[in-house]
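Please find the structures below.
In what comes next, chain A is part of two complexes: it sits with chain B in the first one and with chain C in the second one.
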Partner chain A sequence: MTEQLPALQILITMMAAPLCVLVRNARVSWAIALLANAFACWVAWQLLQQVQTTGVIRYALGGWAAPSGIEYYIDTMNAAVLLLVSGISTLSLLYAYKSVSKAVPMAKHYLFYSAWLLCVTGLMGIVITGDAFNVFVFLEVSSLATYMLISFGDDRRALTASFRYLVLGSVGASFILIGIGFLYAATGSLNMVDLAERIPDSESQRAVLVAFSFITIGVLIKAAVFPLHAWLPNAYTFAPIAVTAFLAGTATKVSLYVLLRFFFSIFGEAYSFGQLFLNTVLLPAAIAGFVLMSLVAIFQTDLRRMLAYSSVAQIGYIVAGFALASQAGLTAGIVHIVNHAMVKTALFMAVGCIIYRVGHAHRPSLDSLFKHMPFTCVAFIISGLGLIGVPLTVGFVSKFTLIGAAMERGWWILAGLVLISSLMAVVYVGRVVEVMLFRQSRQSGPESSGLSEAPVTMLIPMYVLVAMGLYFGINGSQTLSVAGEAARQLLGGF
Partner chain B sequence: MTQAIGLYSYWIVILLMMAGLYIMIARYNLVKKIIGLGLFQTSIFYLYITMGKVDGGTAPILVEDATLLYSNPVPHVLILTAIVVGVATSAVALALIVRIYESFDTIEEDEIKAIEAQEPDS
Partner chain C sequence: MKLYPRQRHRVLQVVTKLVIPFVLMFGLYVQFHGDYGPGGGFQAGVIFASAFILHGLIFGLQQTRRVLSPGVLRVMMSLGVLLYAGTGAVTMLMGGNLLDYDVLAHDPLHGQHWGIFAVELGVGITVTGVMISLFYGFASKR
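On to the complex of A and B.
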């Protein structure tokens, strides 16, 4: 049983997806999806334990040995991201039950959960696989399901947001496909470990360079790294809020994982950063991302759009950590992947609770919401503090590590800009908190009379994330040691 | 020079790819954008098939004669998967366009943008 865990990780959710379509019942399909996700979460936890005790797991799918067959390759990095994806997905599904019942017609729920399961399968597949072409296949599985999930939004602009994402996402995925093709032409292999060995000896280094460029651009589009983030704000704003919470914590994070895998494991740190000076491209993009997008977030009146721009900014921090290409920088980037996923998912869940009761997320008309929905507001405030990076929250752990890593390299300007951008986060989170807590209801006040707290099934997953955020904020050594271990493995190559 | 002409297959790839990208950027009609995307993806299929070709090789079918030269079958298999993905992408995109037409009464992107600009955020 335990040696088959890598296959089960993908199979259970994949088989559950058609099952949902067959049962055609909203509640049953929700239950199937939740069970399948919880099982995937358990498998990921087992894998993480196993990796930490026995080291890297290599699983030959269908018994076909590595270079020619498809292999699942699991080290600390994969296992951690797998746990993150399946965990966030499980919590968001629990949350989705009430939240989605308002946004999506009951008759379409089974399709919704089926698409969700396919999306999770794709995301976990990208992470677990050790085969470059397999990455593309799973990427498209998750992307197609994501387009569908976004188009479930009740605003008609969800359709155009989904379409724009489809066009950009397909171009990004196609770029990755071209890159993998060139890699195959240059080396004759698709297995990641094999590729890493063969690339330095390849006769056609120019093909490798072309492959590198195409893959970089393709993955940066999927990860929504500034300035390739154009699809993200609308998609996050108009998708059903449970989907946004789920995607904000997983989809872009998985793309960032792919970035790490290709830059560090396959091409190698010496090639990407030593020979090609990748940091001269990544660092300006990252800095411009977190400074400009934080600035843009300040002026948004819709909470969802504000958080979407903030997401692009946070991705900037993560990429800045990668661009440092040092043990400390990578650790900061990886730990922020996990930390930001927890914080941002909790924030979107809080906004979802507000939308569920109030009907919109327009900041200026949320006066004195705290009186009516105290639990939601407290969760929003705690997570908001985490987003800013106040001590005792997860945001502090990752920003502290990132600034430390920047100083270690002597990049004082980067450290300063991270602080400035954090101050901007104080402004945009603060504006919401100010309205929620202190502003008096005007006479034209919203539907505030008779407003009550969000349902318990929505509060529980949100508070699980808030509690995890606080726990890992106070006791950051656990996540940091896993991230540090992952960074060490990445810098060491395969 | 002769080498450049000998690689004509790659020139076709580049031509198709750039034509596809151009259509996606320059055309406002959503269906035409998807046609551009299809062209773009087709060019990649062509790239893979070209890569797999071995000069003078036959189709990679199992035969008795072990010395027979045959083309590399792996890119063919890969591209079979990519073709399926491409079809699925087009299908999802066209379904979305139908829904967009139902709710906006147009599939011209500039007109949709004008309509969207009038709608407040929440």
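On to the complex of A and C.
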């Protein structure tokens, strides 16, 4: 049984998706989706345990051994991201039941949950596979499902947001495919471990260089790294809020995982950073990202849009960690993937609770919301502190390691800029908190009276994430040790 | 007698009725001969669906919808995927890895044969459903 776990990770959610379509019932399909996701989460937990005790797991699909066959390759990095994706997905699904019933017509729910399951399957598939072409296939599975999920938003602008993401996402995906094609031309292999061995000896280094460039651009688009983030703000703003919470914690994180896998494991740190100076591209993009996008976030009045821009900024921190290309920098980047996923999903869930009761997320008209929805506001404030990076929250752990890594390299300016953009986060989170807590309602309109707290099924997943955020903020050594182990494996190559 | 606009294409209608069985037959041939010659689920699914699309073009969408309703198509699309993934589940239950067909029969050769057969059938059913659904989606005014 245990040796079949890698296959079960993908298979169960994948089989649940057509089942949802067959039953055509909102509640039953939600229950199927939740059960399948909870199972996937359990499998991911088992895999993480197994990887930490026995080392890398390799699973040959169809019994055909790698390099000719497709294999699943799981080390600490994959297992951690798998657990993150399936965990966030399970919690968001629990949250989605109430939240989505308002945004999406009941008759379409089965399609919604089916698309959700396909999206999770695709994301987990990208992470678990050890085959470069398989990455592209699963990328398409998850992307197509994501476009569909975004278009479910009740605002008509969701359709244009989804279409915009479709155009940019397809460009990104085809760039990745072209890159993989060039790699295949240069080496004659698609297996990641095999690729890593063959690339240095390949006769056509020019093809490898072209592959490297295409894959870099493609993955940076999918990960929404600063100048290529144009699809993200609208997609996050107009998608159903449960979908936004889910995507904010998983989709871009998985793309960042692909980035790590290609740059460090396949091409190798010496090639991408030593020979091609990738950090001269990544670092300016990352810095511009977290400074400018934090600045833009300050001036947003819609909470969802504000958090979306803040997401681009946080991706900047993660990429800055990667660009350091050191053990400490990678650890900081990886730990921030996990920490930011928890914080941002919790924040979007809090905004979803506000939308569920108030009907909008327009900051200036949320006066004294604390009186009516105290639990939601407390969750928002705690997670907001995590976003800023206040001590005892997860944000502190990752920013502290990131600044430490920057200083280790002697890049004082980077450390300073991280601090400055954290101060900007204080401003944009603070403006919301100020309205929620202290501003008196100017008129006692009918919408402000009769407001009550959000349903319990929405509060529970949110508070699970908030509690996890606090736990890993106080006891950061657990996530840090996993991230450190993952960084060591990545720097060491396969 | 009121002449329906579609009834003007008498020749096309008669020829279509003659051609459709052969198209369906060829689709089935490509499906089930796929493990010996060129062919397989994808191609067969498209050929099979093209018969219905031709029917829709000549006799109108309403007529085709009476033959194959969108509900049936939805079932086809999901059943095909389930058949594919289910084959994988069965191989795992019989002690192999996912989609390791060797364990399906008494010897690996027959096992591979049965496995490919089931998987390609799943692909064929799904592709047929998806192609016709795409046609319905683009052709209907709603």
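In the analysis below, the second predicted complex is superposed on the first by the 491 of 494 C-alpha atoms of A that agree within 3 Å, B and C clash if a C-alpha of one lies under 4 Å from a C-alpha of the other, contacts with A are read in each partner's own complex, and residues count from 1 in each chain.
Here, a residue touches a chain if its C-beta (ideal position, glycine included) is under 8 Å from a C-beta of that chain, and two chains touch if they have at least 3 such contacts.
Bear in mind that the values here come from a model prediction, so they are computed numbers and not experimental data.
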{"item": "Of chain B and chain C, the chain that contacts the larger number of chain A residues", "value": "B"}
{"item": "Chain B versus chain C as contact partner of A:Ser170, first or second or both or neither", "value": "first"}
{"item": "First, second, both or neither for A:Glu140, with chain B first and chain C second", "value": "first"}
{"item": "Partner chain in contact with A:Arg198 - chain B first, chain C second, else both or neither", "value": "neither"}
{"item": "Touched partner set for A:Arg58, first chain B, second chain C, both or neither", "value": "neither"}
{"item": "Which superposed partner A:Thr160 touches (first chain B, second chain C, both, neither)", "value": "first"}
{"item": "First, second, both or neither for A:Thr301, with chain B first and chain C second", "value": "first"}
{"item": "Set intersection of chain A contacts, chain C complex versus chain B complex", "value": "none"}
{"item": "Contacting residues of chain B [partner chain A, same complex]", "value": "21, 24, 30, 33, 37, 40-41, 44, 47-48, 51, 74-75, 78, 81-82, 85, 88-89, 92-93, 96-97, 99-100, 103-104, 112, 116, 119, 121-122"}
{"item": "Touching residues on chain A, where the partner in the complex is chain C", "value": "4, 7-8, 11, 14-15, 17-19, 21-22, 59-63"}
{"item": "List of chain C residues in touch with chain A within their complex", "value": "74-75, 77-79, 81-82, 85-86, 88-89, 92, 96-102"}
{"item": "Touch list for chain A against partner chain B, complex", "value": "133, 136-137, 140, 144, 147-148, 151, 156-157, 159-160, 162-163, 166-167, 170-171, 174, 177-178, 181, 184-185, 190, 237, 300-305, 360-362"}
